[in-house]
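Next come the structures, one after another.
You will see two complexes here that share chain A, one where it goes with chain B and one where it goes with chain C.
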Partner chain A sequence: MKQRANWWYGGILGLLLVTIALALMAGTVWLGPRQLSVALSDHGSQAFVTVFSLRVPRILSSLVCGGSLAVAGALFQAVFRNPIADPSILGISSAADFFKLGGAMLLPWLPGREWLMALLGGLVALVILTSGRALADPYRLIIVGVALDATFVGLQQLLSSGATQVSHSTFNGLTWADATTLLVLGVIGLFVALLLAPWANYLKLTDAALKNVGVPVKVIRWSLLLLGMTLATSVTAVVGAIPFVGIVVPNVARRLVGHDYQTLIPFSMLAGAWLMLAADTLGRTVIVPSEISAATMMTIIGGPFVIILLQRGRGLHGMSIR
Partner chain B sequence: MECQYVSYQYPHQSTGIADVTGTFPAGQVTTIIGPNGAGKSTLLKLLARQLPVASGQITLAGQSLNEYTAKTLAQQVAMVTQRHQLYDDMTVSEVVRTGRLPYHGLLQTVPAAEVTPYLATTGLTSLADEHVQNLSGGQQQRVWLAAALAQEPAVLLLDEPTTYLDVHYQQALMQQLRQLAATGMTVIQVLHDINQAFRFSDWLWLIKQGQLVTQGRPEALRQADLLAATFQTPIEIVDVPRLGPYIVQVPEASEN
Partner chain C sequence: MIATNHAYVGDLVRLAGGQNVFASQSQEYMEPNDEAIQKADPQVILRLEHAMPTMVTKQFNQEFKQNAMWSRTSAVKHHRVYDLQEPTFDATANMRVVAALNQVSRWLYPKGAAA
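Up next, the complex of A and B:
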C-alpha cells in the first residue's frame, strides 16, 4: 500500500501543478505560456495585473479552501465514525453562513466579524449536533445534521431578504486580503491537522478500548471536532458554504492511499486543493464571460457521488457505518 | 489485586455487585464463574476501572485503583473483551501498536518494531500487515490479546475469551494464559464453560446475584452441591477416563 500511495502522491502533485498552470492561463482572457512568462517579467503589463491581482489570489484561495474542506471532512468522519459525516452535510457550514449574515446585519462594526460569526455559528451547530443522542447513532446523526442544515439555510433565506450582503459561495472577486486571511487560517489549521492525524487513527477503536490504553477519548474527539469545524467555518467566513468536498475527497482518498489517517490527511489536503481549483477553474471558463460558482460546481459533482457511494455498499471500502 | 467490600449498582436496575471481598493471586489464572446475570462482566469492568466502584475499594500492589492515572493504570491493567470492534480498516500491526500507547506521548508515533515480540508471542508475525477485518475470529482474538500484552500489564483481564474460538484455539489460548501467569502476570478471566474453568484455572471465584459465593482452588470447589446451589441446576460430577472429574448438568427430576 505504501508503494501505491507514493504513486498516487506523485500523481496528485503532478495534477496540481498542471491545474495551477492552466488556472493561471485560463479566464476571460486566455494567456498562453509565452504571455504568462511576459506577465511574470513585466510588472507594468495588463497581463501582470490580471494574473497577480485576480488569478493568483483566486487560485491560492481555492487551493486552501479545497484542502481545508477535505481535511475537515476526513476529521469529521474519524470522529463520528461515519464515512459521510462532513461539516457541510451536518449543518455546520450553513450555520456559519447564517451567523455570518446575521453578524453583517447586527454587528457591522465588529473587527474580524465574518470569521468570528462563522466560527460561532459552527460552534452552535456542533453543540446541537453532539448534545443529544446523535453521537451514538450514525443514522440519527445524519438526519439531525440534514435537518440542522435545512433549518439554517431556511433562516439564512429569511434574513437575506433584508440583507445587503448575500453569500454566493464563489471565489469570484476575492482580493489579496481575503486570500491572505484564508492562507493564514488554512495553513495553521492544516498544519495542526497533520500533527493530530494519529488521533484520528485512534478513533477507529471503541471508546472502551481507548480508555483501556489510557487515551483521553473526550480530549481527542473534541480537539479534532473543533479543528474540523474551524477549518470548515474559515472557508465559509471568506467564501461561503461549499458542499461535498469533505465527503468526496476523503472517500476517494481511502481507496487510493488506504485508511491510515497519517497518509490520508495529507493526501486529502492535496486532492481537495486540486478538486476545488479544478472545479473553480472549470466553473469560470465554461461559460465565459459568466461563471458557475464553486458551490454549484461541487453540488453537481458531489451530489451524484454521495448517491453512488451509499447505493453501492462497496463504496465505503471497509469503513463501516456503525 | 484485591477487592474490599466492593459494590456497584447499575442505574435504574437491580443488578450489580454487592459487598465483594476477595483476592486475585499474582502469577495465577483466576476464573470467575457463575450463572448469567451474576455480575461477572460487571466485576471485570470494575477491575479495569471501566465502571466506578460505588463503595469499597479495589487495590493493585497495595494502591487503590482510583489513585492511578489513566496512563499508569493502562501500564498495569489490560483487558480483552468479548467482542472488539473496529470502526475502520486497521492492520494487525496498527492495532497491536495501540497497546503501546500507555508508554508514549499522545502525539508520538509508536514504532512498528516495538510490537515485534508481542506479534511473535501470539503467532501473528506473518500477519502483521494483514487487515484485521480479513482475519478469522480466532486470529482476531489473538490480535486483541497481542495488543493487551503490548501494554506489558501486571494484570490481564479477559471477558469470555473463548467465545468465538473453536476447540483447538480455546485449548491453545488457555495454555497461553497459563504460560503468561507463570511469568508472574495476574490473569483474571470470565468463562462460561465450567469444565474449562476448573481445568485451566489456579484459582476460582464463584459468584451469584452479585455476591461472591466462595473462592478457592479448583480441587476444593469441585463439589456438586456447591455448584448446583450457585448455578441453581442439578449438577453431578462424573469421572471420565483419561480426563478425570467432569461436571455435568443433569436433567431435573420432572424432566424426561
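Up next, the complex of A and C:
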C-alpha cells in the first residue's frame, strides 16, 4: 500500500507540473515554451502582461481553491462519517454565497466584508445542519443538506432578482489582490489541515470507544468541521460556490492511496489542485473568446461521478470511509 | 456581458460606422474572458447602464478600477469609455434610435479628430 501510494504521489506531482506548464501556454493567444521564456525576460512585452497579470494569478487561484475544496470535503467526510458529505452538497457554500450577496447590499462599508459574511453564512448553515436530527443517519444528512443548498440558492436569486447578475463562480477577472487573499487564507488553512490530519483518523472509531481512550471527541469534531467550513467559504468569498470537488477528489484518493487521513489529506490537496486547474484551463480554452465557468465544468464532471458512485449498488452504508 | 453585432446596442456601433470587436456568427451576447478583451484591445468602450443605473455604474467603475486589465486597453488609456444611459439607450430597440445613433457616432468619431 505504502509503495503504491508513493507512485501515485509521484504521478499527481508530475501531472500538476505538466498542467501548470500547459495552463501558462494556453489561452486566447498560444504561447509556446520559447515565446514563454522570451516573455519572462522582456517585462514590457504584451506576452509578459498576459502571462504575469492574467494567467499566473488565475492558475494560483485555481490551485489553491481546488486544494482547499478537496481537503474541506475530506474533513467533512471524516467528521460526518459519510462518504459524500462536502460543503457544497450540504449547502455551506451556497449559504456563504447568499450572505456574501446580502453583505454587499447591507454593509458595503465593512472591511473584509466578503470573507466575514461568507464565514458567517457557512456557520449558520453548519448550525442548522448539526442542530437537528440530520446527524442520525447519512441519508437524512445529505437530504437536509441538499434542501438547505436549494433554499440558499433560491434566497440568493430572490435577493438579486432584477438587480444584478447572479455570481457565476468563475476564475475570470481575478486580480492579483484576489489571488493573494486566496493564497494567504488557503495556505494557512491547508497547513492547519495537514497538522490536524491525525485527528480525522481518530473519528473512525465510535464515540464510545474514543471516550474510553480519553479523546476529546467534541473538540476534534468541531475543530475539523470549522476548519473545513473555513476552507470552503474562503473559496466562496473570493470566487463563488464550486460544487463536487470535495466529493470527487477524496473518494478517488481513497482508492488510490488508501484510507489513512495522513496520506489522504495531502494527496487530496494535490489532486484537488490539479483537477480545478485542469477544469478551469479547459473551460477557458474550449470556446474562446467566451469561456465555461469553473463551477459549470465541475458540475459536468462531478455530477455523473456521484451518480455512478451511488448507483453501483453498495449505497452509502456499503461505501467505507475508513 | 458584451453585446455583439447581433444585439441592438452592439449593432449601433456598426451602424455608426465603427467595428464591434466582438462580432459573432449567431450569439447576441457573449462573455469574453480578460485575455480575449485584452487581445481585442477596444479603442472605445461603451457601457450600457441597464436596469438599475446608479448601482450598475458604481459596479462598472469599481470593476474598471480593481481589474488592471481594463487600464491596459486603448479605450481607457485615451479616456474613451462612455456610459450609455437610459432612456436614450436600452438593451432592445426603441423609438429613440436616431438620438442613440447620433450619440454613438459622436463618441466614435468626435469632431476634429481624424475619422
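For the reader, a short list of remarks on this structure follows.
Keep this in mind: the second predicted complex is superposed on the first by the 307 of 322 C-alpha atoms of A that agree within 3 Å, B and C clash if a C-alpha of one lies under 4 Å from a C-alpha of the other, contacts with A are read in each partner's own complex, and residues count from 1 in each chain.
Criterion: a contact is a pair of C-beta atoms (placed from the backbone, for glycine too) under 8 Å apart; a residue touches a chain by one contact, two chains touch by 3 or more.
Small disclaimer: the values here were computed from a predicted structure and weren't measured.
Model built by superposing both complexes on chain A: chain B and chain C fit together without a clash. Looking at the shared chain after the overlay, A:208 reaches chain B, while chain C stays out of its contact range. In the superposed model, A:259 lies in contact with chain B only, and not with chain C. Of the two partner chains placed around the shared chain by superposition, chain C is the only one that A:29 touches, whereas chain B remains out of contact.
Judged by the touch definition given at the top, the superposed model places A:216 against chain B, while chain C stays out of reach. After overlaying the two complexes on the shared chain, residue contacts for A:161 are found with neither chain B nor chain C. Aligning the two complexes via chain A yields an angle of 160° at the C-alpha centre of chain A, spanning the centres of chain B and chain C, rounded to a multiple of 10.
Once the two structures are superposed, chain B and chain C can be ranked by residues of chain A touched, with B on top.
When the two complexes are overlaid on their common chain A, residue A:199 makes contact with chain B while staying clear of chain C. When the two complexes are overlaid on their common chain A, residue A:81 makes contact with chain B while staying clear of chain C. Touch criterion met: A:173 reaches chain C, while chain B stays clear of it.
Judged by the touch definition given at the top, the superposed model places A:291 against chain C, while chain B stays out of reach. No C-alpha atom of chain B lies closer than 42 Å to any C-alpha atom of chain C in the overlay.
In the superposition on the C-alpha atoms of chain A, no part of chain A is touched by chain B in one complex and by chain C in the other. Chain A makes touch with chain C in their complex at residues 27-29, 49-50, 53-55, 162-165, 172-173, 175-177, 284, 288-291.
Considering their complex, residues 1, 22, 30-40, 51-52, 55-56, 59, 63, 66-69, 72 of chain C touch chain A. Chain B makes touch with chain A in their complex at residues 48, 50, 69-75, 77-79, 81, 84-90, 94-95, 98-99, 101-102, 106-107, 109, 131, 133, 147-148, 151. Taken together, the chain A residues at the contact with chain B in this complex read 78, 81, 195-196, 198-199, 201-206, 208-209, 211-216, 220, 258-260, 262, 317-320, 322.
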